[in-house]
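In what follows, structures are represented as structure tokens.
First chain A sits with chain B, and in the next complex the same chain sits with chain C.
For the complex of A and B:
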């Protein structure tokens, strides 16, 4: 009896210790994010205070207001258009392809391997010749140019992920739809598409995040008209001084949608970032 | 196999035989257009001699490729990339493993901790770099302030300029952003380790190290392999964080292969030579990726 009580007490003690450790680790990892959010609410005097202040005097939104007044928020709109459109196209084309790979094993293992290896090649090596081609066709600094590139960049991911989700759908439903006289095409839209709903949603969110967060493609392929928010952010860095308030406020504006989207998709996060290798 | 009863069925482009190829056609077309075509194009350009000042589209053979071997800055850039990868990757793996151990057993509210811990990983790397640039600022950032308090005297480190601190700065930012990635994957892998084996080992009185070596590591190895592959390839192309923190400086001290390619291609406009570098990178990496993929369980 005494032994068990001792063990229970040790267990509680251990739990408390683990809580303490978990809290400290979480605070350390979140501190930079907190710092960024906090700066976005500071006045210039508070930002350039020595020693640095860890809490703003009051929550005020003038740093955000400046972004709206100067028209800088257009870059968020650009990001939204480019990431949204390219994700939608990649999802559509990618899911078609994934269905064919999953159900007919089209092209065998080699095609699947080629598709996923496309994902893993460094963007800089691909984007250089693309830039030359875009210059030739006048596609630099256009929505179409960026959308095409992000679509292609995300396609391997969509195909790979959706192939995994479709393989998980039982075959019987499709078979009975075919027996009932549906064409392959109808079967795909009426049976497979609805069944793959959650996989589609999760994959679409991650596809959107990848395009939204990209910097390199946008840096090279945009000039003034369609620059996205990460590129705008680097414009705020100066040799002598940084536009701290703008950096912080723009970062928060560009990050909030991602936080919301990923938090909603928490359950699919592990599968999403491990290319489907870990079902979580 | 399938018998078509009506004429419309037989004429339908979505008959079984065509269906599977029609479904992959649009995606493959886009991939070839944006993936393969530029590659061929850069191969052609790499045999020419196009620079900012002259457009010489006659073929010069292997001139650009021969130059690769004499280009000290290229090899240094490869070295910098390898250095960052060699330090950051094991560190992320180790810290991710320790974190996963912490959250492995039942811990009420674990979901919330995990949801908060993954935030750095989903940030745009440019935002991560910008954040740490503000954190590291010698006068208005908190890092110097914290270090000063800990050291008991003012600590003024120029993290993004001082040659002794640029690499630690980059690696801190990189490890901060991607440790949660390793943590998530390892947590999932560790949760899937066969509990009955662990209990049996505990009953036998096996030491923790033995359990780790003989049960846990073999069980999580496939996931670790994939995590290392994904992160290793990401680290090889590292660009955004360095751009935000040091822009490759001081000098070209933190210039990685991606930054170097950017500089010769978009600052010096050494078109043909950049094409050669880009082609070489793609060729070498394709081989590595193919070999690595065959060894993981990603392609079944």
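For the complex of A and C:
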């Protein structure tokens, strides 16, 4: 009896220790985010206050208001359009390609490998040729230009990931649907699509995040019209001084869509990532 | 309902010749079982009939119509798969309704057919559940339900029971047989289990290495196999095959075992074999045709052999007793209460009128 009680106590102790460690790690990681949020609500005086203020005197939105008044928030919209559209196109095309690779062994053994190898090129190495091509076709500083680029960059990733998920779907499910009265096309929509839902969601989040976070291409290929959020952020770092209030507010605005997306998809992400990890 | 007529069917997988000229007719309303060891082509044949594999030669007719160039959906067939192939994201009801919806059947008609099938299979209470909430047997019922509602002209089963445990398998086997009696649709069933083949089939089609080795009713194959392969595939425990010599003296003939015993063939059998003097044979005796010899002289057609009991395997009703006869282990199926001690010498009575003589060179039954 005493031994059992001892074991239970040791177990509780271990658990408490684990929670303590987890809490400390969480605080360390979350602190910069917290600080960013706080700055976005502070007045200029509070931002530069010594010693630093943990919380602003009052929550005020003037930093955000400035972004709206100057029209700077349009960059969030630009990012949404570019990232959203390119992810949607990449997901659609990529999943079809993946299905073809997985089920019809299109291109034999090597095509799939070649496709993923496209992702291994350092982006900076191709920025200059792409820029020249874009200038030639008049696609610099257009939605279409960025969407095309991000679609192209995300496609190999989508194909590779979705191929893994589709290979995992038991072939009999599709065969059963074919015998039961579906065409190939119907089989894809009615069986493969719902079966691959987890993978689709997880992959879609990653493609969206890639396009959302891209700085390099957006910097080179935009001027004034379709500036995305990361590029805009750099405009606030001045030669003489930095607009900390704007930086913070814009960063918060830029983080929100990703935060919302990940929260909504969390259920799929956890399973999707681990599935993808095994499949590689 | 429909007749299936296959002629000269060939199928290659790269360099592998999987089906080597299959000619086969399955009658309207017949229950045909394709059986054979793994790799014999039975599943390939079924999948080719379904249209899931493309043939490389030959013709398939279902209900008189050539279906070679038809998509699976246009062949009006229903298929039950080994792993059930239920859609995990759909309820049982939606799983069963899936094929009907794909064919744009009205919802009222769908409901009627699903309810009927569910009642028939005793799964009405499960209609709102998801496949993951079902046991193996229940899943198999749903898979069969999905086939029933289609009212197809041909049912295909691809080893539907091999994922179930033994008890459930026996139960479902009975249900499938009853189902065939009730709806009397033409059915083709693939299995590697000879018990399933024997119990279910109107016609067994035994395949070996891409060819039909023999086909016919279960009893025909069991009692009159044309090759040693067929003889040893059907029956449990499997037939004893003893290398021996066939010796003929005038009208009489006997089988001479390596251990020296001569087993006289009954006159009727002896007349049928033409052995000029002596030839090598394999003597095939089913365990059921070996008995425990008691008193008196051997009955007509019976031969006697004594051997030491090596192994006893009781099953409850019957006991399998193994001894070395003619240099090989031979199993006899005896009464449970013919109690025998291991190591004891036992007198066996061999029913020579039912033995098989197999040519060792060609594997053909003489």
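In the analysis below, the second predicted complex is superposed on the first by the 260 of 280 C-alpha atoms of A that agree within 3 Å, B and C clash if a C-alpha of one lies under 4 Å from a C-alpha of the other, contacts with A are read in each partner's own complex, and residues count from 1 in each chain.
Keep in mind that, in the parts below, a contact is a pair of C-beta atoms (placed from the backbone, for glycine too) under 8 Å apart; a residue touches a chain by one contact, two chains touch by 3 or more.
From a predicted model like this one, the values you see are computed outputs, not experimental measurements.
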Note to self: Is A:176 touching anything from chain B or chain C once the two structures are fitted on A? First, second, both or neither.
What the structure shows: second
Next item on the list: Have a look at where A:191 lands relative to chain B and chain C in the superposition and call it first, second, both or neither.
Entry: second
Item checked: Greater chain A contact set [chain C / chain B] -> B
Notebook entry, point to check: Does chain B (first) or chain C (second) touch A:125, or do both, or does neither?
Noted result: first
Notebook entry, point to check: Of the two partner chains, chain B (first) and chain C (second), which one does A:8 touch, if any: first, second, both, or neither?
Noted result: neither
Next item on the list: For A:264, decide between first (touching chain B), second (touching chain C), both and neither.
Entry: neither
Check: Common interface residues of chain A with chain B and chain C?
Finding: 183
Notebook entry, point to check: Which chain B residues qualify as touching chain A in the complex?
Noted result: 9, 12, 14-16, 19-21, 23-24, 26-28, 30-31, 33-35, 37-39, 41-42, 45, 99, 102-103, 105, 107, 111, 113-128, 130-135, 137, 139-142, 145, 176, 179-181, 184-185, 188-189, 222-223, 226-227, 230, 233, 236-237, 239-240, 243-244, 257-258, 261-262, 265-266, 271, 274-275, 277-279, 281-282, 285-286, 289-290, 293-294, 296-299
Check: Which part of chain A faces chain C closely enough to touch in the complex?
Finding: 170, 172-173, 175-183, 186, 190-191, 194-195, 197
Notebook entry, point to check: In their complex, what parts of chain C are in touch with chain A?
Noted result: 50-52, 71-73, 75, 77-79, 81-83, 85, 87-89, 98-100, 102-103, 146, 150, 156
Check: Tell me, which parts of chain A touch chain B in their complex?
Finding: 15, 18-19, 21-22, 25-26, 29-33, 35-36, 39, 47-52, 54, 93-94, 96-97, 99-101, 103-104, 106-107, 109, 111-113, 115-118, 120-126, 128-133, 148-149, 151-153, 155-156, 159, 183-185, 188, 209, 212-216, 220, 229-230, 233-234, 237, 242, 244, 247-248, 251, 254-255, 258-259, 262-263, 266, 269-270, 273-280
